[in-house]
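Pasting the structures in now, so scroll down.
After this come two complexes, each holding chain A, first together with chain B and then together with chain C.
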Partner chain A sequence: MPSSASASVSVSASASASASSTTTTASGAHSDLLTRLTSSEFEVQLKALRELKNRIIGNRTKKLSFIKLGLVPPVAAILESKAQAQVQAQAQAQAQARHDSNLLVQSAAALGSFACGFDAGVQAVLDAGVFPNLFLLLSHPDDKVVDAGARSLRMIYQSKLAPKCDFLQEKNMEFLLSLLNSENENVTGLGASIIIHSCESTAEQKALCHAGVVKKLISLLKGSLSQRDNSLESLATVMKNNVEAVSEFVGSESGRALSSVIGLTKDRYPRTRLLASMCLIVIRNTSACYLQDIGIKTKLVHLLLELHDDPGQVGDEAPFAFSSLISEKPDLQKLAFEANAIDKLYNHLQKSQLHPKRFQGILLALADLCSKLESCRSRFLSLQALNLVSDALTHDSSEVRTAACMCLRCVSRSIKNLCAGNFLNEMIAPPLVQLLDDPSTSVQVAAISVIGNIAVDFTMRRSLFVQCGDNVCKEGIFMEFTASSLASVICDPEPFVQEQALALIRNLVDGCIKSVELVFTEDGMILDAVRRQLQNASTDEIWIQGMYVLSNVASGTEFHKEAVMHQLIPQEDNGTQSFILKFLQSNESQLRTAAVWAIVNLTFPSCPGSFSRLVKLHSAGIVSQIKSMVNDPCPDVKLRVRTALGQFTTFGDCST
Partner chain B sequence: MSLFWIVVHQLAEIEAMAASKKVITREEWEKKLKDVKIKKEDMNKLVMNFLVTEGYVDAAEKFRKESGTEPDIDLATITDRMAVKKAVQCGNVEDAIEKVNDLNPEILDTNPQLFFHLQQQRLIELIRNGKVEEALEFAQEELAPRGEENQSFLEELERTVALLAFEDVSNCPVGELLDISQRLKTASEVNAAILTSQSHEKDPKLPSLLKMLIWAQNQLDEKAAYPRINDLSTAMLEDPTV
Partner chain C sequence: MPVRVAESSAPSQLSGSNCGQTSPSACSLLSVGQAFSGTQNVSSLQKDEAWRVNVRIQGCDLEHGYLCGTMEALNVPMADTPVVTFWEGEIVDTKNYTFFTGKWEATPEDDIRHWTKFPSFSALQSHVEVDGGKSLDLSNYQYIFMRWKEQYFVNVGTDCGLTIAGFYYVCFSCSDGSINGFYYDPNSSPFQKLELKSTNEGRQGFSFSSYELR
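Let's turn to the complex of A and B:
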């Protein structure tokens, strides 16, 4: 509807006038806004609030700079004074009440905007202590105030920083139900957000079910667009890994609730389709007895692949939902493969300027696809997707780097390609090794596990040709490392990193003499680091990996075996028990296996020094310990104990 | 959409009957059409949906009184929505932004693309009014940070700022940005976002129903000759040309 000429002239004049006023304030007078917010005059305050709100909505940079200027506390103060006033004074003059309402709406909207999608903003709002006051607005007589309060709270609840609501307390549960039963859409939406944010434990899920929340949420499925979406997401939260809630939902309204969610996977809104499919995935993953027919499985695979095409938030979240659908499920991975999933995800990966979340999601989805099926890995490699993934190893976002490692780890489970040396090239190895110094622990762990995979020795008993190729591969990895860098990751403060680092070394030294020698460079500092972990660490996982390192090294030359002896039985007898005795007595059978294996390698009959080592082991009490294990409950341990005992007897009975 | 399914159903029937192209006379056709019962209330709802979605608030109000059809949205919200739309159409974008924020602050906070397009429109209006310095300052202060957050915004921003480089904007390669159609595009984007935020469909049902009619007729053309609707504005049945 084009306006008349005269109207457009007057309008554009006012537009330029206000634009110029904006640009002048933008260049400096923020303190002016602060003064006006704390003014005692209603009009001045209201105008300042509106201006502040309109400046920050949609503008992250402004939000941050206003937070730094300390504008959140005065806004919170306005809201607080008016929210409290409303509680105290029953019969306010009408004009005053309208003024207060206006201030409440504007201040709540400004606070909500500070908190919208922006953790620094949420923190600033929470720090201003205004959170409980926002709840007061929900019982305000003016609907607009209720709306504004509910919206702002919803914004806060979308952040991880929001305080959790403890549903196990009766009054909180009552409050939540009152929200869900409200006529106001924003208020029911707030109820849903609180569930999505706060419900974590099974006890909380059960409490919600018992309070009738599932029934309420099902009734909201028939509500407006936003109520439907909120309800789907809350239902997924309440049902996740909770068999009881799933069966309540599936049985509700003689199956109609479930049918309506299935129906919503065909909704015209992508967001609704995504949330409906996530709800179905939760049901499937929680209770293996529902939604198992091939029709629904295929439908979900196709739907989620199609949702990847959405340019917005839905497309960013689709790969994560897809992962949860196929993860650990070869039948679904096969369906996805047949639906061309690898090619489709690869096409998305090729787009420039991917949002980091989407990038991460697609890499993880590819990781899940390639986790079990060789057909997926082959397709992945044939598309040259490896290049894109190796680029992702140096991405700015640590989540993307971790996801790239996970993807590589799953693809490198392809023995065929591993043997062909397809993973060890200058595109992959150097950045991977650099990631061991990454500031993020999860990146370090993920990187170590890929390197562990690449270094693993599948091919020992195969042809010499392959073996050589494999050793080249391992040395390639060592070239990228220095002994000191490896020693430092072994002693990383994170136990998980320690474990993965030891697993890597274990794989590196498994096999031929040449690779064992690698741990003796730089005065054997790696071996010392391993011993320190065996003495000081306190988890079975670390001990198992460390013991296997020693066991593998003990398969080497006399020199190597003596070095291991030195670690096992310290020269100076200071009365401390050797850690290997403790391990042999452990309840963890894998640890016992690793420990016995080391002894087997140390006492191999054809080696010249074996006898003297046996004598030392005997006086350390290790031989008698092994003898006592002849009927170990674990077959693996028993087998190796018997091998060891067989070797002992070739030297005659040295125990006498 | 029941009307659509009736058409599809008939189509399937005809398909089953006709191995070769069948001729259906006007008489037969009209008899078939008569057999289809469409509730008056459904038709009214369709009309009301159109009026409400397109924002004809006065017409909707009148229609409600005359036909007793209740709109599926509070008519007062239409007035607000139309005020926003009109402000953009008149080039008064800052006013439109303030109005949207009063209506629901979430809309622009959670819809970066729409927010960018509104700010871009604001820049276009500054350039249109020859306020070169203000335009540059505005682009720097408000738009450049958005471009940093999103590459595709940056490209659009570059295109917009390019307007400044030309003396005669009517003849420049990005001149269409100054077109009234650009305002209308932005206005309809805001309109759709407001409707979505009110849990309302962003497009009226009627046009898509007409699209389906055309689609169904095209499908049918391959199977049969029948009285066709060629002029949608009169909906007259025209005899088949055999």
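Let's turn to the complex of A and C:
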């Protein structure tokens, strides 16, 4: 192996030639190849191209070493000169034309080989500037050249590095249609590859539909094996989250297009079965009205589980397709559970030397399975699968580490197991904490989510009578945050952050009565911030959390209750209505509930100040509002209103 | 067709709301974090005995008729410390669960025998005897019926001399948060009564927390 001085994949020919001259015999052969590729003799060049192509096929190490030695640019140069020559001189001597065709075929094939399944190869080919010239080959009179050009371009389009095609430009769309309409299988395949690689936005999907691409792709379903596979994958790309395209497809040929895709889930080739099921999953996920039949759902579950057994790429991709089938869908998760999915995935997980992509996919599929159903989590834990997932927390691949965290996150939603402390152990906790310093941000984010779940300490509150521990913990949290930073996060620009901050305060002042004092530090700036949000914010979620903060504080001492009154009833009588009146009239029943609870707490029986507070609430129009809610449509509100009214009557009829 | 349980002052229904929904409406007193305390009567023919009991709701999923929490028994004679158990509850919403238990060695006769101990059940009895109450719409009823089944001991081993083989028939009052229950275990004293009240934990009012697992 030559040891190149440069790690770059696009080294110049001269630099690498000089590097190779000082290395071993093997690289001597390489430099000989370089000389021959740049020879002026047709036969020498052709032989060199064939040799190069044969040596790199399926051999990533060889590809990389040849790229480093600068063998891509001379191959690109051959292709360029002959492709341009073809354009410039139509009438060439037949013999010359044949020579040129052979060189074009071989150089295109060699470039395709460099690019096949190897991003460094794709980059080297793109750097050599040969990409546009490969497109020129598609209009060559010799079919073999067209074929070689299309194959080579398809290899490039398999990579994320390939340039995107902008379908919104008319000439590009015309070009794409000309590819899809070609008689040549590799050219239509190229058209499909370009769609799969480039179509991302809804606008692009729509442009493709309007240009008749869906119809064309449906016709390709009847073509050869590769055309069928390409068509399935392109259809999935065009229909993903695009209701319009889905309904066009489903309605096509009186439903025969859909039936033929369903039929392809029984094809003899695993890849076709996988692509057909992915296409159906896209249809179902985009328009929930289709494919609701239990038979097809069960069939997809079984098919995808079976495809996990494929040792190759199909098996690597199957768990991702399975995830997209069951994600967020408890009915499908249940079907999968009944199909023994947890055991099957666990068996795959047990295999040694799993490809990282497959490992990641299986962990994510298990995460989706355990995201909602306790039966799945329970089965997962009974298999001791936690051991394998905890090993995955220290895997070399950051994708696998992230997936392991996501799997743990979903399994740790089991309150039954959280209460038993089943996740707070030596096997899980230390590696998770270490992941907080992981070089990958997505791993850190995933790890903190799991820690957020497993650190919920249910047992700490187990005794209603031993609550000091609860308060010590809360004070600790409060000291870390400080009142002023909590007050500022309550007023964060993001509504979601405001809501979460208010929920945090609500929980801080719940539990031990002492914890209510926390919101009175620094002149009650937190309470003032809560009131500002209740007056100024504009979402029910924020109001609900804010109202529960006031309600919880109002369940405290006389001092606490008076402080809440101060926030509720405007001091100066300038005609402003209290926000609580607006909340009591809200359409959101949870907000009405929170508001009525605050009133219940402010007028709690046997509290010395309750009567005077009731008088003030009456003057502010709140008591009559509560009275009007005695038959509230929400049973919970109605019952709380009745509790409040019951309390009012204990003070006599002051409120009328 | 679901049959609505008659209520003395039935509220007018919001048009379009609760369409096809039979699970009980959320009751804020039966939400996560809420605490209850009281006693369980464990008297036998030999002697009268009652244990102090604390309960806290730890999880609630009304859509699936699921509730769970912890139960702490305080003056258990053979234990040095309070004994804490984790229980899971089935809410009788007639969608996920009916009044018929169908497991835990409880026959429909056992079920009816226990449910009828709750005065609030009498309005439902005739429907329940037919099909376990499948035709009932309990979403506006002031009481929530449940079965609580202890799953494991949190702080002691299984060798503590106590059993959690049975389960509780439970009736929760949405208006004041009081809980009544009867423990059923063919091998224990029959009709051990559980009586709990919503606790304010030293407060002059009610306080509510919320949490969400990621």
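In this section, the second predicted complex is superposed on the first by the 428 of 656 C-alpha atoms of A that agree within 3 Å, B and C clash if a C-alpha of one lies under 4 Å from a C-alpha of the other, contacts with A are read in each partner's own complex, and residues count from 1 in each chain.
In this text, a residue touches a chain if its C-beta (ideal position, glycine included) is under 8 Å from a C-beta of that chain, and two chains touch if they have at least 3 such contacts.
Given the structure is predicted, the values throughout are model-derived calculations rather than measurements.
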Touching A:288 in the superposition: chain B (first), chain C (second), both, neither?
neither
Which partner does A:503 contact after superposing on A: first (chain B), second (chain C), both, neither?
second
Partner chain(s) touched by A:95 [first = chain B, second = chain C, both, neither]
neither
After superposition on the shared chain, which partner residues are touched by A:59: those of chain B (first), chain C (second), both, or neither?
first
So, does A:557 touch the first partner chain B, the second partner chain C, both, or neither?
second
Who does A:642 touch here: chain B (first), chain C (second), both, or neither?
second
So, A:225: does it touch chain B (first), chain C (second), both, or neither?
first
Using the superposition described at the top, determine whether chain B or chain C touches more residues of chain A.
C
The shared contact residues of chain A with chain B and chain C are none
Which bits of chain A are touching chain B when the two form their complex?
1-3, 7-8, 11-12, 14-16, 18-20, 22-23, 26, 50, 53-54, 57-61, 109, 112-113, 116-117, 148, 151, 155, 185, 224-227, 312, 352-353
Chain C partner, complex, touching residues on chain A are 374, 409, 412-413, 415-416, 419-420, 449-450, 452-453, 456, 458-459, 461-465, 467, 503, 506-507, 509-513, 545, 548, 551-552, 554-558, 561, 590, 593, 597, 600-602, 604, 606-607, 631-636, 638-640, 642-643
The answer for chain C against chain A in the complex is residues 9, 11-14, 17, 25-28, 33, 35, 37, 54, 56, 58-59, 66, 68, 70, 72, 82, 84, 86, 88, 139-140, 142, 151-152, 154-155, 174-176, 199-211, 213-214
Show which residues of chain B lie in contact with chain A when the two form their complex.
86-87, 89-95, 97-98, 101, 104-106, 108-113, 115, 119, 122, 125-126, 128-129, 131, 134, 137-138, 141-142, 145-146, 149, 151-152, 180, 196, 199-200
